[in-house]
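Structures for review follow.
Next, two complexes with subunit A in common: one pairs it with subunit B, the other with subunit C.
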Partner chain A sequence: MKKRRTITREATLGIILLAIIVFLSLTTSFFTKSGLYSFMLDVSPTVVAAIAVGMVIFTGNIDISVGTISGFVAYTAGALVKAGAPMVVFVPAAIAIGTLLSGINGFITVKFKVPSLVVTLAMNMVHIGFYATFLPQSGWIENLGPRFTWFGRGRILDVIPYTFVVALIVSIVAMFVMKYTRFGRALYAVGGNRQSAIFSGINPDTTVMKVFLVQGFLIGISALLRAMTRNEVMPSVFVGRELFFISAALVGGISIFGGSGKIVGAVMGAALVYLLSIAMIYYGLQDYYQFALQGIIILVAVFITVTDFGKIRKRMQRGKLKVAIND
Partner chain B sequence: MEDKKILLIEGVYKHFPGVQALSNVSIDLRQGEVHAVVGENGAGKSTLMKIICGVHQPDRGTMTLYGKPLRVSNPNEAYSRGIAIIYQESSLFPDLTVLENIFTGHEIMKRPLRFLPFKVIDYPAMRQKSEAVFDRLGIRIDLDAVVSTLGVATKQMVEIAKALTFESQILILDEPTAALTSNEVDTLFATIRRLRDEGNSMLYISHRLDEVFQIADRVTVYRDGQYINTADVKDVTKDELVSWMVGRTLGNLYPKETVQIGEVVFEVRHVSQEGVLDDISFQLRKGEILGISGLAGAGRTELAQAICGLAHPDKGELILNGHRLNITDYRRTLERGIAYMPEDRQAYGLVLPMTLKVNITQKVQRQISNTIGIIDPTKERKVAATFMKQLAIRAPHAEFIVNNLSGGNQQKVCVAKSLAVEPQILILDEPTRGVDVGAKSEIHRIISSLAKAGKSIIVISSDLPEILGMCDRVVVMKNGRIAGELNREELSQERLLSMEL
Partner chain C sequence: MTDTRLKRRRRLSAIFTHQSILVLVLVGLVAVFGIMEPVFFKPRVLFDVVAIVGEIGIMAMAMTYIISTAGVDLGVGYNLQMSGIVFGMVWVSTGNPVLSIVAALLTGLLAGIFNGLIISRTRIPPLVTTLATMYLYRGISMILAGTQTFTGFPDGFRAFSTTKLFGFLPIQAIYLIVIFLIMNYFYERGALGRNMKGMGFNEKAIVFSGVNTRRIKLGIYSLMGLLCGLASLIYLGRLSAAKTSMGDYMNFEVITAVLLGGTSIMGGVGSMRGTFIGVLIIGTLKKGFTLLNFSGNIYNFTLGILLILSLIVFALEEERKRMAGREEATSAAAARPASQTPGDNPPTG
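Our next item is the complex of A and B:
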């Protein structure tokens, strides 16, 4: 059988990324020490979060409460620091909170057979309500001091943030897990064809539960990477972040229907989303323009990455574009 | 051949809410035999197979494998005991590669480095093992090809290979030929014989009785969840099998009535579509049943879609009742009286989670609604009731969910949907695929009576006996062209096949 050589989605994405980087480097101060540093600092939490939500999307599920979960993670860390806890305590505790909250989403999805979109939509609202009602000052804690920020602000050779190293390690481990562990293979199987996953001896419920726990763990890391760059925490700044995480994963070619996509895509998707917003800042576009433009770019990017133009053309030629048939 | 019974199943009962799926069912499988399991839809074949491979648990009954009691709680356990099932619907993961598919759920693991406490997937070992299996099957395949890019026949080989990587000695094949062309069936049968000669045993489930005679050594018949009979294939006739399956003798499987064939009502002239159809011309007469035969990929479905306005041919003319049609709009074709019933009722034909009523009236929404689009429930019920009665659709009421009907009845709903538009010309694409013998015969009777009522019918079918039995005339297609045309008197299986190949 002849091997078909086609450009993969990930390669397409890589080329687009490279083009933007070259363009930015030539026309702006992007390719300077401070430009690169701030890019790496900004992109790191999103990379980790895009991997986290990407894994859930592989199974055909989605979690839109990851933004508000991040808020809880940040608050937990901040509150513990204020209470005098050392890093070996507040970091694991904060990650545990993320894992727990995401685990609750997974549990409800699996146990009560509620679609994860509905579960997490509801939890998203519950979380926001919780911030305002139960957290003192809606969870705002200031003056956390260097005990909190030293890691987030630390850099290697004055240019590579520690957080970026963490994101890099998480990316490599995640790629390894997807390719070389049964858990990773099971994610694709459950999202690709649930029934045959069962016939292959995979338990979809256990798999989905596990992936929500893993997501929570990674969201914990992601939220800390972001929170620890600042001297204060404010849970509500994380509200709406899920849009960026999910769009990074989708731009990276992870199929919203589950069963297909790559971790490296999510990583590049995160980079693309950030590069675009940086580009807009360099060119002086205002916040709201940025939002709108970014939305449009996400649509275009997803369209480009998910569309198999060759296939469409072939089907049209054969007069068999299947959507038209069931009239 | 040895008479060693390797798998023995006795007195199995299984109850599902609302149905006794199996009662007192038995079967035995010998070393190195192909054992066919036949029965109408709902006879309990699939349930039994699912019990053997651990998807369901039996309520009662014993199963022994190599003389030891067999108890399996999930499919992987069955695999590890040497029993593998190849399902009717593809159980592959479309976005994964052949290699990944073969080993999903039972990946070969190894420690990446000797001192590390965890194991990872060992791709080189999996690749080696798959290559060995494909060599054994005598097939060359790209292990890195993504499964969604493969054809149906290749996918099936991948499933068989998957089963063989478990070192299975018992293979269960559930309707393996349902989606294959006759060429591909030959390849599959060669593989089956090869495996049998190596000493493997196979349970072969099929609707197509001809295949049973081609491939099987013994055959067991079930009906309504009960064991009926087992026989050596060489000792039974097709009529006997059919009578066991339906509990009565079907007078004639293909009840074609002689109909006075009238004037030409529809004509296709020089229809071409690049890469698909090449200069297709034929005529259709009033009361005629015209068969379109050919291998899958010969352009049969494409032709049907081109003449009913679903596709856009590059050139050609369609003439209906003497008027030239220039149709590229399916809705307008429908209104002119050409209805197309697509193949694969599950994918294209029906809205499975909706009611009978909604499905039957789907193509006539305009006729049953007023000018602003509000549906008249009385008219809707009337249309549904009319066709349920005309086609003898067995359902408790018109509000019944189509998904819960048997395959045969679903197929009748499909036909009803096209009939509801009261077409002059009815194009039926694979009207009896995957339905049992009884329902098939009923559908044939319906087609025949429609022709008698003056409708002209085009039947596209891969089922040669159906084509031979039902059609007044057959157009044989090959590579998008008409390879020939045969009248009823000239028809024979040999002639059809020689034109198709």
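Our next item is the complex of A and C:
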């Protein structure tokens, strides 16, 4: 009997990505030096953040305050630069802030056993309120100078931004961690079946706490990658960014129920989400079509993930298709 | 654990129920704001609290149903926004108030039905569905309105939410009480309310006891949508301008009110009365902060902290109840003869 070749979700995504790239290259100025440069520059922070959010989703949790956490990270970096701190100080400090804030989310989720979505929804509001209430000028800092922007604007061979290299390294490390380390496998185990994770000696609470800390660390990197391309920081520009991160992760095939998905999917998802938004700009659709589009993308992506097409196909072969996805 | 201590604890927990604590919090808040700004005690100002939570209250009642079933609707604020903008557009282009009202209600209802269909017919969890449709509805209202603002609504329409009965009682109080009475009736008395709470505890068990949970889900999310449409009308009458910033963060206020009222986010436990008091607390905070000239951001910040605190308090309360139950069970077991295991039924008579 011939072995059936199954097309993985990642392969499908790859084909779609390729098709969009070819289409954009043929019809617009996407495939030029500046077009590619700006694409790589824009997509890098989203790739890192999609990996971060994806790791939390692996465990069956979700964090929708990552956008506003990014704002705090950017503000910390900006304020420290303004105070004259060198890069070896402000980068770790900013990442530490991200880790701390995400850790608070994780702590409340784990300690009090409340759904992470509601905790982070509340945190989202706390952060937004904090910007405007407690930060001077709502956290707006300008004229940061080349000490802040040299890394974000630097490029190799005039095309590849440094930030893209960072995103690439983070992706490779994350893939390695998910596949070959105890921590990575524990994430899948906790998200897949909490009870059997406990029986195989994994402490779900510690694992979830750890993944929130890792997420904070990665969000710190992602926020810096984005902030350091600009000469000023403004925390409120990060409000709502979580939408892109989450839809990138979900489009990449990371199951919202936890326990399945791949890092490479999240990376491709980030690229897809960005390509679509670039395509919209090239074709002159206004910015606010983004919201509606991302909403639909999330719905479709999750629908594909939750629908057991194999089961449906089997039923169709047996000649009695009942559209009963619910059971 | 001696018997007297147990009895005292039971008596104490009978007095300090979640709701009575909430009422104390509400009274305390009113007192604090009143002392800081004496004008707060004037009936016109005090009752204005009810007027500004009219729309939040209406949505929170339906949200209590939804959260009891272990679901949630994150997009209520943006559903309200979309309905309001549809109202504004239809009013500006046709000038027909009845048509505009019907259009707004229909928009809200359709948005709710869309949520309900996805949640009841697919395995996509409510959190994700409504997170996605939240962005979808927000996007749609931005596409529809752009930067436009729709104004110039007729006075007759505005009277529906600006009328003051006896010179001080806002008409929203009537809406809230009527909707509360209806919703509370179905929540506390009928099989429907029991089934909804049951769905929050264990949906499979309710399915196996012969209840069509899909229909309940479709029903409550549609009801939520319809009430969002209604809330948008009440909100617009007070605001008299439809624009894309209306309803921002309202989802969050609604969820906070419901959780504050003692409905468990995990489902299964809920109280419509608690929600009512929760809504009033939110209104008091909102009005008090406005009077004290605090910005909206401090309000959001406080509300965020409040939501997290109420989540934590509720979780701790559940934990304590479980521990107390265990203690009672063990002390009861100790009181029994040694031959009996704790699992046995105590002898009758």
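What we mean here is this: the second predicted complex is superposed on the first by the 292 of 327 C-alpha atoms of A that agree within 3 Å, B and C clash if a C-alpha of one lies under 4 Å from a C-alpha of the other, contacts with A are read in each partner's own complex, and residues count from 1 in each chain.
As a convention for this text, contacts are C-beta pairs under 8 Å (C-beta built on N, C-alpha and C of every residue); 3 or more make two chains touch, one makes a residue touch a chain.
No experiment lies behind these values; they were computed from the predicted model shown.
Enquirer: With the two complexes superposed on chain A, say which partner A:115 touches: subunit B (first), subunit C (second), both, or neither.
Expert: After superposing on A, A:115 lies in contact with subunit C but is clear of subunit B.
Enquirer: Check the residue A:256 against both partner chains and state whether it touches subunit B (first), subunit C (second), both, or neither.
Expert: second
Enquirer: In the superposed arrangement, which partner chain does A:296 touch: subunit B (first), subunit C (second), both, or neither?
Expert: In the superposition, A:296 contacts subunit C only.
Enquirer: Give one of first, second, both or neither to describe whether A:64 is in contact with subunit B, with subunit C, with both, or with none.
Expert: Touch status of A:64: second partner only.
Enquirer: Have a look at where A:11 lands relative to subunit B and subunit C in the superposition and call it first, second, both or neither.
Expert: Once the two structures are laid over each other on A, A:11 reaches no partner at all.
Enquirer: Between subunit B (first) and subunit C (second), which does A:179 come into contact with in this model arrangement: first, second, both, or neither?
Expert: First partner only.
Enquirer: What is the contact status of A:123 with respect to subunit B (first) and subunit C (second): first, second, both, or neither?
Expert: Touch partner of A:123: subunit C, not subunit B.
Enquirer: Could you tell me if A:199 is touching subunit B, subunit C, both of them or neither one (first, second, both, neither)?
Expert: The answer is first: A:199 touches subunit B but not subunit C.
Enquirer: Is the number of subunit A residues in contact higher for subunit B or for subunit C?
Expert: Between subunit B and subunit C, the winner on subunit A residue contacts is C.
Enquirer: Could you tell me which stretches of subunit A are touched by subunit B in one complex and by subunit C in the other?
Expert: Shared contact residues on subunit A: 325-326.
Enquirer: Quick check: in the complex, which residue numbers of subunit A touch subunit C?
Expert: For this pair, the touching residues of subunit A are 62, 64, 108, 112-115, 117-119, 121-133, 243, 246, 250, 256-257, 286, 288-296, 298-299, 302-303, 306-307, 325-326.
Enquirer: In their shared complex, at which residues does subunit B touch subunit A?
Expert: 55, 74-77, 79, 85, 87, 89-96, 100, 104-107, 109, 112, 120-121, 140-142, 144-145, 149, 273-276, 301-302, 305-306, 310-313, 330-331, 334, 342, 347-349, 351, 363
Enquirer: Show me the residue ranges of subunit A that touch subunit B in the complex, using the header's touch definition.
Expert: Its residues touching subunit B are 1-4, 176, 179-182, 185-186, 188-189, 192-193, 195-202, 255, 259-260, 317-320, 322, 324-327.
Enquirer: Can you list the subunit C residues touching subunit A in their complex?
Expert: That would be residues 72, 74, 118, 120-125, 127-129, 131-140, 142-143, 146, 214, 249, 252, 255-256, 259, 265-266, 295, 297-305, 307-308, 311-312, 314-316 of subunit C.
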